[in-house]
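Both of the next two complexes hold chain A, though its partner changes from chain B to chain C.
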Partner chain A sequence: MATDSGHIAPRSVARGRGGDLLTPRRVVVMLGTVAALALCWRAAEVRPALLFDRMTLAAVWNFLRGLFPPDLSPDFLRVVLKATFQTIAVALAGTLLSVGIGMPLGVLATATLWRRGPLLEGERRGTKLKLLAALSLSTRALLGFLRAVPDLMWGLLFVVAVGLGSLAGTLALAVAYGGVLGRVYGDVFEDVDPRPVEALHAAGATRAQVFLRGVWPQAAPAVAAYTLYNFECAVRAAAVLGFVGAGGLGYEINLSMRLFEYGQVLTLILAFVALLTGTDALSRHFRRRLHAEVSPASPARFLMEETLGVGAPPFGRRASRVLSRVRARAVVPLLAFAALCSLYAVGFLNGALLDEGLASRVARFVARMFPPDLSAEFLLGLVRPLFQTVGISVIGTLLGIAVGAGLALPATSTLAFVPADAAGRRSASGLAARWLAYRVARAVFTLLRAIPELVWVLVCIIAVGLGPFAGTLAIGLHTGGVLGKLYAETLEEVPMRPVEALRAAGARGPQVFLWAMWPQARPMLLSYTVLRWEMNLRVSTVLGLVGGGGLGQAVYNNVQLGFYTRLSTLIAVVYALVVATDWLSDRLRYRTPDECEPPRRT
Partner chain B sequence: MRRPLPFRTTLLLAFLLAAGLCLSCSGGNRAGQASQTTLRLSMIPTTDPGKMLRESQPLVDYLQRETGAKVELTIPTNYAAVVEAVGSDQVDIAHFGGFTYVQASARYGVTPLVQRDRDQNFHSVFITQPGSNVNGLADLKGHTFAFGDVNSTSGHLMPEYFMRQSGVDADVIAKAVYTGGHDATALAVSNRKVDAGALDELVFERMTKEGKLAPDSVRVFYTTPAFFDYLWAARKGLDPGLAESFAGALLKLDASKADDKKVLDILSATKYVKASDPDYEKLRQAARDAGLLK
Partner chain C sequence: MVYLLDKVWKEYRGRAGVTRALDGLSLSVERGERLALVGRSGAGKTTLFRLLNATLRPTRGRVLFDERDVGQMSSRELRAMRRRVGTVYQQHYLVPSLSVLDNALCGGLGRWSLWQTARSVLRPERADVEEAEHFLELVGLKDKLRERADTLSGGQQQRLAVARVLMQNPEVILADEPVASLDPGLADSVMNLLHEVADEGRRTLVVALHNVELALGYFPRVVGLRGGAVALDAKASGLTREALAEFYADEKAWQQTPVT
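Right, the complex of A and B next:
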């Protein structure tokens, strides 16, 4: 479906007449898509009948009944509190370290500093410059690699390399998000207004001076805002990393799930949702203020709006500036203190740990992964999990589209609540029903979205058993929540003129949607969906770590058995798969490769 | 150019400050270390990780008293991480399953210490649904099958070994799913997600007793011959005196004494005996035959 619409998107204006709907090329594309979907369906082992099986329903019912009442005993609350703090500590320390990794790599990866643009014009192309350019290019490739390998896989690797606990989680976050941040920083540095840079260069400034005086002042707010956003993602990731043994809430959820203590699971999930909501609110608040500080003309501002979805600040600019100055005094020591505490909590300030050669242990582990196992027997065995992974992501995303689209319509406020004077045929009961449907749909989105895919996998395993089908359902549920919210928001944000015009002409809801909203929103909806599929593919490579099928199972088993040479092959396969998906997704969305990565909305 | 903005700068400063303090502290802490001997234990949960994790204090206290060392107990859920931790001197004495012990001894030369008496006479049970037509290993052909964790002795290695021994269709083993745990295997069978599965006899008993598994939802159709399973083993290079005193502390536990009983209960044990490497020869061979050990 995605493939098909990708091809017609740019020509949608010309597509008015029905005659060119069935060109031979389009028929081939459609047939190919159908065949691919059938293959995915098979690979994901989808068995819809199983959903309504008596045993499945009984298992789900048992699980739901087990959730209540949540375990609120003081002993357990202490465990929850400790796990929550551990998760925060891992997220904070991980973000801090990832900034440390991402910043130098990001500077190095900035094309306008080392590879092209006005800075390099007129300079002699000596060996040194060529070397720097090559270094910059390879840094970019390295960042791509760090980003492509899912954070959970990094987590599993570090758990084995440095031991169980929060340190492994912190390092995994540092590496995975170091890659993300490095890439984003590089993009931000490249997108700054080139005029100050050129002026400084013309005046004879060195590369460092150009960066510090020309690039950094322009880029800093966007960098800070993205870093904050990244912290939000890191909190979620830190909790989930526990599933592979890296401590925190995920570890406890996994444990309680294994012990059938579903009441504890509910408490933990509530704590998790509270944590996420809190971080979200905090980060949004800070980002708003950062946003207020950027000049409206700066490209950084556009970038922030684009990537972060930050609107106008709640107060006037002057007022918020004064407020920010007052609070900034408190923020520095607070932030430093929190950072210190978290570094301590995850074991990073423990001198013994650094002494005993953390680096050497990691190095030894990496050394044992080479040479990669390329035996035919092993590679052939990977074909099936590879197809499974792709199948899970595709069918899971389709399921998510179905769930999201179905619920998005009642959740769109501009469709659900029509001004009373529209046509005078609104009954009070109809309005109440719409209001209820709106609230319910929004609540369902929040629930589906808040619970990470990996928890959904565990729940789905209870329902339909181990394997790719559980993974597919889990992705479908989570994606349904994410996409549903995005769909509803996109529909709400389309320019209202056509909508109002149609309404004035007496159009009803479905007509308004079909002729005013859909044509305007389509490119955005498509873009969000494809982007989500790209992310789902990444997720589906790790679902197997908890029993959701695909490549993750092979990764887990080979780590457990100590066959590290196979592990390197598997990582290479995952990397190749993710790169291929990125490429395909770029093509589907007609995105130029140098554009900044849109936010990882989860 | 606009003048620098306070908030942005302070944010940056905060990060720098934190990084600086982090470095200076890590230098300072180093000097204060290494006063008392620390014994770092790692115990893979045999029955109930949550209970172990949250109620292990009496065991820790007992061992501290007996060995005179500061005892740090970690309850991991990942076997491979324990093997690596022992290999890189992060853990001194670990509780291994039979198979993980064999892996650790092949890779890092660990020394066997003690085990529970029942560990020398361990079994796996094969379960199926009451109404199924599987009544022995030979009937498994054409059915779906579940193992536990790939690294588990009683949940994977030995069941697979006995299945091969009795000539079970190779396809059953090749297509088996790995549930990741004994309890998950039991649940998968009782919920009819797979036709049959193999798991640790102790876990099976506990789950039936505690009502986690309805007695009429599964039926045992095969119990394996006895094999050696769990044991405590010390990393290479650990002070032999310390290892001795640890082994001695466990060996002298007596179930008839109330205090000792409490410690034994945490370990799901009644009595400890010495463990020795030659006992694991058969297991080692089984792992090699199955291509699970290089």
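Right, the complex of A and C next:
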């Protein structure tokens, strides 16, 4: 570093001097990155020229024209309503079952109950304790596996195992989100204040009693809040699961797409967006209440604020408590009733199904997946789709960055609008143009974000045909919406004093951005982007299920052909790929410890 | 004899290497005895307490409770022993989101079955509630039954911790700096309360204290720890304030000693 002896320059300054910008190491890293990007570009089969082809434009125009007017005929609305209810039922039943799976696994995975901490420090380390510790560790690994395999992949597996319909969707949600919830529950249980736990333990309470009276009361609000949040995700996933044959809105969207009934597609998408908005508002409302119940000193509260982005409650804590207790009494039977209905609706309480033996059907399917096909021929054939998947995720994310970053600037209110009391003249037309650009950019984000990647794939297939390019575009569009909104919000939250200082010194908009906003927001922006790439990689493993290329294509083909032993190999490959990406993304994000870590959002 | 500690060592393995918290400590405590434990922070008081209530195993050496070796006990026997030893911790050892009444009831966990515990979450038994209410009245918290524990002041939390121990009905009461965060008036009331409680059932009382006045004023026997071993063990009547102050002033080796 180019610093004077004994004087530590701020890092940005040290970097800016640039005397040793081109260290051999950096050159190697840069060249490597360029080569990797070129490989990804090739693997994703990107053909920009195709986008401006006359045929493509005609197809897109045809599609857009077909969307209007949306199909609002009573017959079709009935279909939409039914599909919406089916989606809700699948999401509810799936969440319920995932709690049933996640809770016991989460308790088992909790390190402070079985592996370390005050509960174990006084015990003799006998065989029994060692076995329990090993069981706890392997539960954690199992949860990791359940989480790593994408929900759509689980959906396809259950469709094969138990047949088309909402039951398969429910089971897929139960397993995938059981893994997510188990992990989260375990983390919440581990993060409770250990001191009360130790006190109960010292008073002679058993482990179960300690959990019931020491851990659970501290963890309950966070557990409830996460479960609600999870339900929100489950609604989105339930809709998308329809694409692999699990019923609901996704199934109808897929069907209408294939029938070229674009007016129906628009109606269905509107219903989907309305459903998501409704669930989001409801869950946010309850989560805010739960947040108030968590003790201010508890680490769980911090955890909730970090990951859920829940602010302070609108009312005082004391005042709302009696009321919330009364409501809680009413909510529980209501929830139980809704859950029973949903379980019935997806066919879980159906006597015939239980007679047929759901478990035995699943077991037979699992048995047919073993032993995994490890023949050299098959494994070599996987190299290409593997590269495709990585290529789709990387180029798709880059495309998303371009779209998001380009639109984020006009969408950042602190950049787009100058305070009303700022000195100087301003023209009405200039203000109007800025306002319009801001509104348009925000609207585009909402549109891009609201439509799931899989729907985008279908749209892109209309434009550029089947294959990885369609998948790449789909990821790029959805990611553009997600990242654009995050970028704009991050820039808005940057401390404003340096910005004001530069403005006062006469800096213009772009200068203010480059010198006051970008340096402050950089670590957060970087972190959000890497996290999004991690998620995109998961998505790009399943895009192939609807024709977007990559490993999903191989999965789909082998399911169609009934090569189930290859399916297990493919699942293992997806698992390994996701684990490797998680590791890489963690490394990229934690590389600089002095830079803050943004909340993890899913 | 309630406790007999015979050359006990305790070492913690951490990232910074091994730290020795207890260094060949030997101590015996008679049934019904009142004992003040003094020493600087890091002298090993908290570690000693955790050995006495069997939530920690020594690295070497033996701890005898009621003439039985704690190291040889099964987990069932350990639980039975923990039930007979009540601990009043420093602040923040209450379950913050539970009510005052529920926290007091937690003292009874050791003698309840899991089923009873589960039922008590919804509706505790009449007799238990009455007992807990009696103890809460004793410590002056009768009017706060339904409040959450984390809304109480420091002094009230400390008294609630005493009520929880009363509910446990132990033979030995350990208190780890129970008055550290209280003003002098409250400190006296908590000390008096502990003694009243101990008098009632001829219980053994071991209290860790920072305050020299309180140690001399309330306890017939004072044990001083330094560097993880007993450096002072005397009758309070034979101890002058100056001698104790000198013990505290001695800077040599009162910190935990890094081994590697």
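What we mean here is this: the second predicted complex is superposed on the first by the 561 of 602 C-alpha atoms of A that agree within 3 Å, B and C clash if a C-alpha of one lies under 4 Å from a C-alpha of the other, contacts with A are read in each partner's own complex, and residues count from 1 in each chain.
The definition used in the following text is that a contact is a pair of C-beta atoms (placed from the backbone, for glycine too) under 8 Å apart; a residue touches a chain by one contact, two chains touch by 3 or more.
Keep in mind that this is a model prediction, so the values were computed, not measured.
In the superposition on chain A, contact is made by A:D193 with chain C only, not with chain B.
In the superposed model, A:L37 makes contact with neither chain B nor chain C. Touch criterion not met for A:L142: it reaches neither chain B nor chain C. Measured by the number of chain A residues touched, the leading partner among chain B and chain C is B.
In the superposition on chain A, A:G467 contacts chain B only, with no contact to chain C. In the superposition on chain A, A:L343 contacts chain B only, with no contact to chain C.
Contacts of A:H201 after superposition: chain C is touched, whereas chain B is not reached. After overlaying the two complexes on the shared chain, residue contacts for A:P217 are found with chain B and with chain C alike. In the superposition on chain A, contact is made by A:E261 with chain B only, not with chain C. Of the two partner chains, chain C is the only one touched by A:Q209; chain B is not. Counting contacts by the rule stated earlier, residues 196, 217, 220-221, 293, 295 of chain A appear in both its interface with chain B and its interface with chain C.
Chain contact summary for the complex, chain C toward chain A: residues 50, 53-57, 71, 73-75, 78-87, 89, 92-98, 102, 106-107, 109-112, 114, 117-118, 121, 148, 150, 161, 164-165, 168. Within the complex formed with chain C, the residues of chain A that make contact are 118, 121-124, 193, 195-196, 198-206, 208-210, 212-214, 217-218, 220-221, 293-298.
Across the interface of their complex, chain A is touched by residues 1-2, 4-8, 10-15, 17-19, 21-22, 25-31, 33-34, 48-50, 53-54, 74, 76-81, 83-85, 88-91, 103, 107, 146, 149-151, 177-181, 183-184, 187-188, 191-194, 212, 292-294 of chain B. Remark: chain A residues 55, 59, 75, 79, 96, 99-100, 159-161, 163-165, 196, 217, 220-221, 224, 244-245, 251, 254-256, 258-261, 289-290, 293, 295, 324-325, 328-329, 331-332, 335-336, 339-340, 343-344, 348-352, 354-356, 361, 364-365, 461-462, 464-467, 546-547, 553, 556-557, 559-563 touch chain B in the complex.
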